[in-house]
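Across the two complexes that follow, chain A remains constant while its partner is chain B and subsequently chain C.
Right after this comes the complex of A and B.
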């Protein structure tokens, strides 16, 4: 059986319980204490020491507030709303998304790993064996989602294990256990796929026709990745959540180069052969 | 909790969190529920999935707003204007549940001819300008004495006047009150209510609250469409309503609205009072408040007729309604504390019992510390150097003590006052003891959470090092004090000598056995020691002991009922076998109101408790909150007393008339109906009345250490509202030391609108200075259009949002937001005003 996550962003309340539960269970260190000013997100991204990360997307203006925003222009923009700044239809105005390793069907990190440290375990999860990893870091650029980083003090690469240890003991991963609204669901990927489709149909019926599943072979799984075992229900373009619209295997990028090299080598060979034909 | 207590009879949430799943609409105001109660918010989310409409009314667009179908902004401190607008909408458009209102509220009751409403001054009849307080004399029902001691008897203001020949003082309490069931009499409560709120029109709401009329009407329409016979709307609030200069009246307004819509006592309805801490409900139930004893029994008071035990009992016992049982509960409390030494016949020991002599609430006590009246203090689980209003003043008050004992798991700021604020430690004479204390998982005990439910926790691990439970400290301190006084012959020490203090201990460290305390609180028979099954078994003759009558039954049959943990999957949504809720495990209070006056459910969809004709008793999905065998047709005899004076169709059994109080003839110090006043500090005038602020608000004029910003002071043009973040816990005492939580919100920040930021030249993440007449703080700015700008009286009113979790200690630090708050005390419960006060903001650290 393959297991995975389904993260339904439409019921996520942004409490970050998943982030804390993950760090506590896996005994990961805090990343530092930096006030980013990026909404309520101060841990910024997934990394070797942050395996669940909740993004806060202040949606209405379709831009995030950073130091270089033209505040006067933004202020003018705001006054166009209802008097008093009312926003009657509140849903979707401030979106929360708990990001995690996608556990790709064709995992680029695994393909890039020269030591065989990254394996698919008996739950068909993508797992980095910490005792094999030699810290080469090839998996880091290979990941199209920016999930993996090397931990500086250690050198090795780390990421979500889908709580391998808990699963072996018949427990669900810590993040799913801690989620108060069932935004994070864990289970058999086939069941989750069905659940995701039902849920999206339900949202469409309620009038949220923009809802869709990210992580299927069609969406988020093109480019040879074949889909994700961690799927998401999203209400906006993938880029809004800092997800690639078209993730791909690294070798896809080199395909042109490989062909060009082959052609060049053939031509060069022919030229050399011609030069020495006598 | 008098806002709910006066209206319905009990100062607690009327519903349970799980029951929110049954709601057709949930109105959240004065609460950022998703943020501050993320686990409880699971239930509104489930309701939403089932099709319920979620509404959030708040000065800021928050995590809660993001989850709601409708969000409407409201200027901080104007909730009564908004709720008054809803009440007016419901009455004007005849959207009230008429059958419910006529039968179950005091809508039909006539009020004395002497009553004068607030128009246009903002002051009710009975105001004493000199004393700066109200007399409730003119607010009474027609032809009735003042219903003194109707609920826990805190009506001290009316005692003296009752003797001045109030009409009908000699009448029997059970006699029917003059009323008009057609609700047309100009002096009936309904007409008074209608006139009182007539000026709270949608246009006025927009003008006062800054809420667009469209948004207000959308909210009004939605709650009315989702209330009535077939549907119910629930209401959730938290400290966003309580921490105002008129906090109790805000909750009163909500309670009135829910009565008019017929939403109390019914599934999916009710008022969910969300508490700010794990066991805040418990700390008022088993009272840590100075003016009540456990179970809301009034504290003896030198200013009331409490000279002897007999006087106390006579003066505090209600003639009708549930509080007629007070002698049983008060006697059992004395037996629990003093055992055989207390004889209810002569009550002599009571002569030594302490009496209160004035306002000894939190802040007056701190001021007394500062002024040298209080010499020492024990601080358990509280960080008052950061967590209370005008914390700077609190810290200087703590430094005026001779000794200070702080029990905490970390060196919180309260324990570090001797080295804070640039005070040279050698100049601080206070001797400070920091006692390491155990955290929750390191000790047994119970929490009483937001829905009055006791949940037990078992010790999972031993506390580290030398840490002990707080109970250990109190138990052994008490034991040693008793030893010290053992030989004394001084009569005033009799109380200490008589105190029963014989809890068994366990383990190497002699931790007191906590379940034994629960047993005492729940009650037992004096002769056999056998636990009682509930408060019905308690007696006034001294044969029973009970440390907190409302918790009676929590240890029934010798079983710790609060430790029950039957999973949700094995029981229905009422979940009667998870934990134990007071009173008597009733999950929905006043649930008699879920049936019509004849005892039949109002509708099949909303049935909960009903009268079973065959069995001749009340039955249903919950424990009936009513005398189990009193038929709906029961009418009291004219001379009936006690609970027998309540009719079979009066669901509010704690009130003397069995009715929900739209109009409160007694019980509140700032008026029988809610009135919109501006906050103590406000940049705008009161647009509804002449009176600017709640007249009964207690302030401390002339204290140079606590100045106020006068209304419309141009130096302080912005409104500040303070609040919490999910990532931290109140003063940060339990979160600023945890790296995993601290990295999520690592620094103090203020939330301001892009407009204000542009006006002040502030960019996102820039430093700013926020100043009031109390002082200034420095903080980073989080510029976000989630902070609306309110257009009031032709001006833009800007709001500054400030989370108050930070202080100088811990792994993450920040300035103490509470340093810039004023100290003022709401008239009924002495709460401060943290949700709306004025300040200035400037760019940079000045």
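Right after this comes the complex of A and C.
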């Protein structure tokens, strides 16, 4: 059975309980007191010591308020014409998204790893064996999502294990357990896929036609990665959440590069042999 | 508050910088507060230096093997080449292990052989090439009397190590050490490198051969050894290799397109234009054409060697800038430009 996450960003309230639960359970060190000045999110990104990261996306609307504004309607994002010439487009949207390792079906980090430290475990999750990783760091630029990162103090690369230890004991991962709105769902990938499609259909019925599933082969899984085991329900373009629209498998081109190099080597060999001609 | 201030419109014709990128109508690129969506490689100075000396070793072995196969017996050339390859193959693993986060676990590289992982292919190529180069250098040392004269070991080394066979066997592996440094970069998510997957290996190989030819002619010039013909051939091959390298660099820039911008950034432009285009290509080529002289040859060799090193630093630093630029990555991974499986080859 392949397990994975479904992160429904539409119900995320940005409490960051998943970040805290992940840090506590996996005994990850603090990242220091950094102040970004960009938003209330001071974690910034996923890293070797942050395996869940809640992004705070502020989308303020551009027009100002006019007329007699009904603040309740405004907050609920009611779009119909209001009496008194009030224009509703002011508060904008404050979106949250709990980011995590995508556990790619064809994981670039796993293919890049020269030691065989990165494997697929019995739950079909991408897992780094910490006793084998020698910190070459080649998986880091291979990851199309910027998830896997080397920890300088430790030397090795780390990322979300999908709580391998908890799964072995029949528990759900710490982040999913801690999530108060069930924005983070854990389970069988096939079940989650169905659930995601249902939820997107439900959102479409409510008028949120921009909702879609990210992490399926159709969206955000082309270029050889073959989809993700961590899927997301998003409401905006992937770039808004710092995700690529079409991630690709970097190793896909390695064979082509080797063939091109062999051709170049032959040409250069011929050039050197020509130079010997009197 | 005026309408203008709220909407972040232009003031006096100039765009007003806004705290919130999303409210600034001048900005088209969507991203998350400019935080890089991918992580750059941590590689420090050891890696570009390894790329440089690895390419040099591969090129030196290639030249001496071609000379051997064509029946050009120049003992000074073979000696210079064998010892050069040995030293580069001793330094390469040291630099690479130095760069590991856990250097004491370097042997884990030999745990598996993964043909899909350029890093694994590189490790194994280094192991094979390094050992063959070691045997060839041992034979050379025995011949040169460095292992003592009239001793059994030295005589056995000369007799038992098949010089020509090992040279030919080591050739493809050595060439792979040289070109794979480029392929290793292109098999990542970094736009500038990944976009250029077609020419990355060839350009590193050509540059490596150019530095190797320069090094060999520098050694022969400084020690005043080697036949006159060897130097003539070296210069001729060097001129041709520089031309091939120049064509490959132009092709790389064309292929990289808009993602080649980091090479012309303030930080990298001295390395790329000054060091590579002028230092490793234009200047040595100009010095090597026309009337040949020892002084000109030495200066050309030094320039090409330093230029080759700068080229590696330019590519690695440029890749770091490319990885840190959300706009570059998102435009690259937006569909049409990203390498797709249906791409030819």
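A few remarks follow.
The working rule: the second predicted complex is superposed on the first by the 219 of 278 C-alpha atoms of A that agree within 3 Å, B and C clash if a C-alpha of one lies under 4 Å from a C-alpha of the other, contacts with A are read in each partner's own complex, and residues count from 1 in each chain.
What we mean here is this: a contact is a pair of C-beta atoms (placed from the backbone, for glycine too) under 8 Å apart; a residue touches a chain by one contact, two chains touch by 3 or more.
Small disclaimer: the values here were computed from a predicted structure and weren't measured.
Contact with chain B, but none with chain C, is seen for A:35 once the two complexes are overlaid on the shared chain. Once the two complexes are overlaid on the shared chain, A:94 sits against chain B while remaining clear of chain C. When both complexes are overlaid on chain A, the residue A:195 reaches neither chain B nor chain C.
In the superposed model, A:247 makes contact with chain C only, not with chain B. When the two complexes are overlaid on their common chain A, residue A:275 makes contact with chain C while staying clear of chain B. By the touch criterion defined above, A:19 lies against chain B but remains apart from chain C after alignment on the C-alpha atoms of chain A.
Once the two complexes are overlaid on the shared chain, A:58 sits against chain B and chain C alike. When the two complexes are overlaid on their common chain A, residue A:224 makes contact with chain C while staying clear of chain B.
Judged by the number of chain A residues each one touches, C leads among chain B and chain C. Looking at the shared chain after the overlay, A:180 reaches chain B, while chain C stays out of its contact range.
In the superposition on chain A, chain A positions 36, 39, 58, 60 are in contact with chain B in one complex as well as with chain C in the other. For chain A in complex with chain C, the touching residues are 36, 38-39, 44-45, 55, 57-60, 62-64, 108, 111-117, 132-138, 140-146, 148-150, 152, 154-157, 222-224, 237, 239-248, 250-261, 263-265, 267-269, 271-276. Remark: chain B residues 34-35, 38-39, 41-42, 45, 49, 56, 61, 63, 65-73, 206, 210-212, 214-215, 218, 725-727, 739-747, 749, 753-755, 757-758, 763-765, 780-786, 788-791, 811-812 touch chain A in the complex. Within the complex, the chain A residues that touch chain B are 11, 13-17, 19-20, 23-24, 29-37, 39-40, 42-43, 58, 60-61, 65-67, 69, 71-72, 74-75, 78-79, 82-96, 180-182.
Against chain A, in their complex, chain C makes its touches with residues 1, 3, 6-8, 20, 22-23, 25, 29-33, 35-43, 62-63, 66-67, 70, 72, 99-103, 105-106, 108-109, 111-112, 114, 116-120, 122-123, 172, 175-176, 179-180, 182-184, 186-190, 194, 197-202, 205-206, 209, 233-234, 236-237, 240-241, 244, 248, 319, 323, 326, 329-330, 333-335, 338-341, 343, 345.
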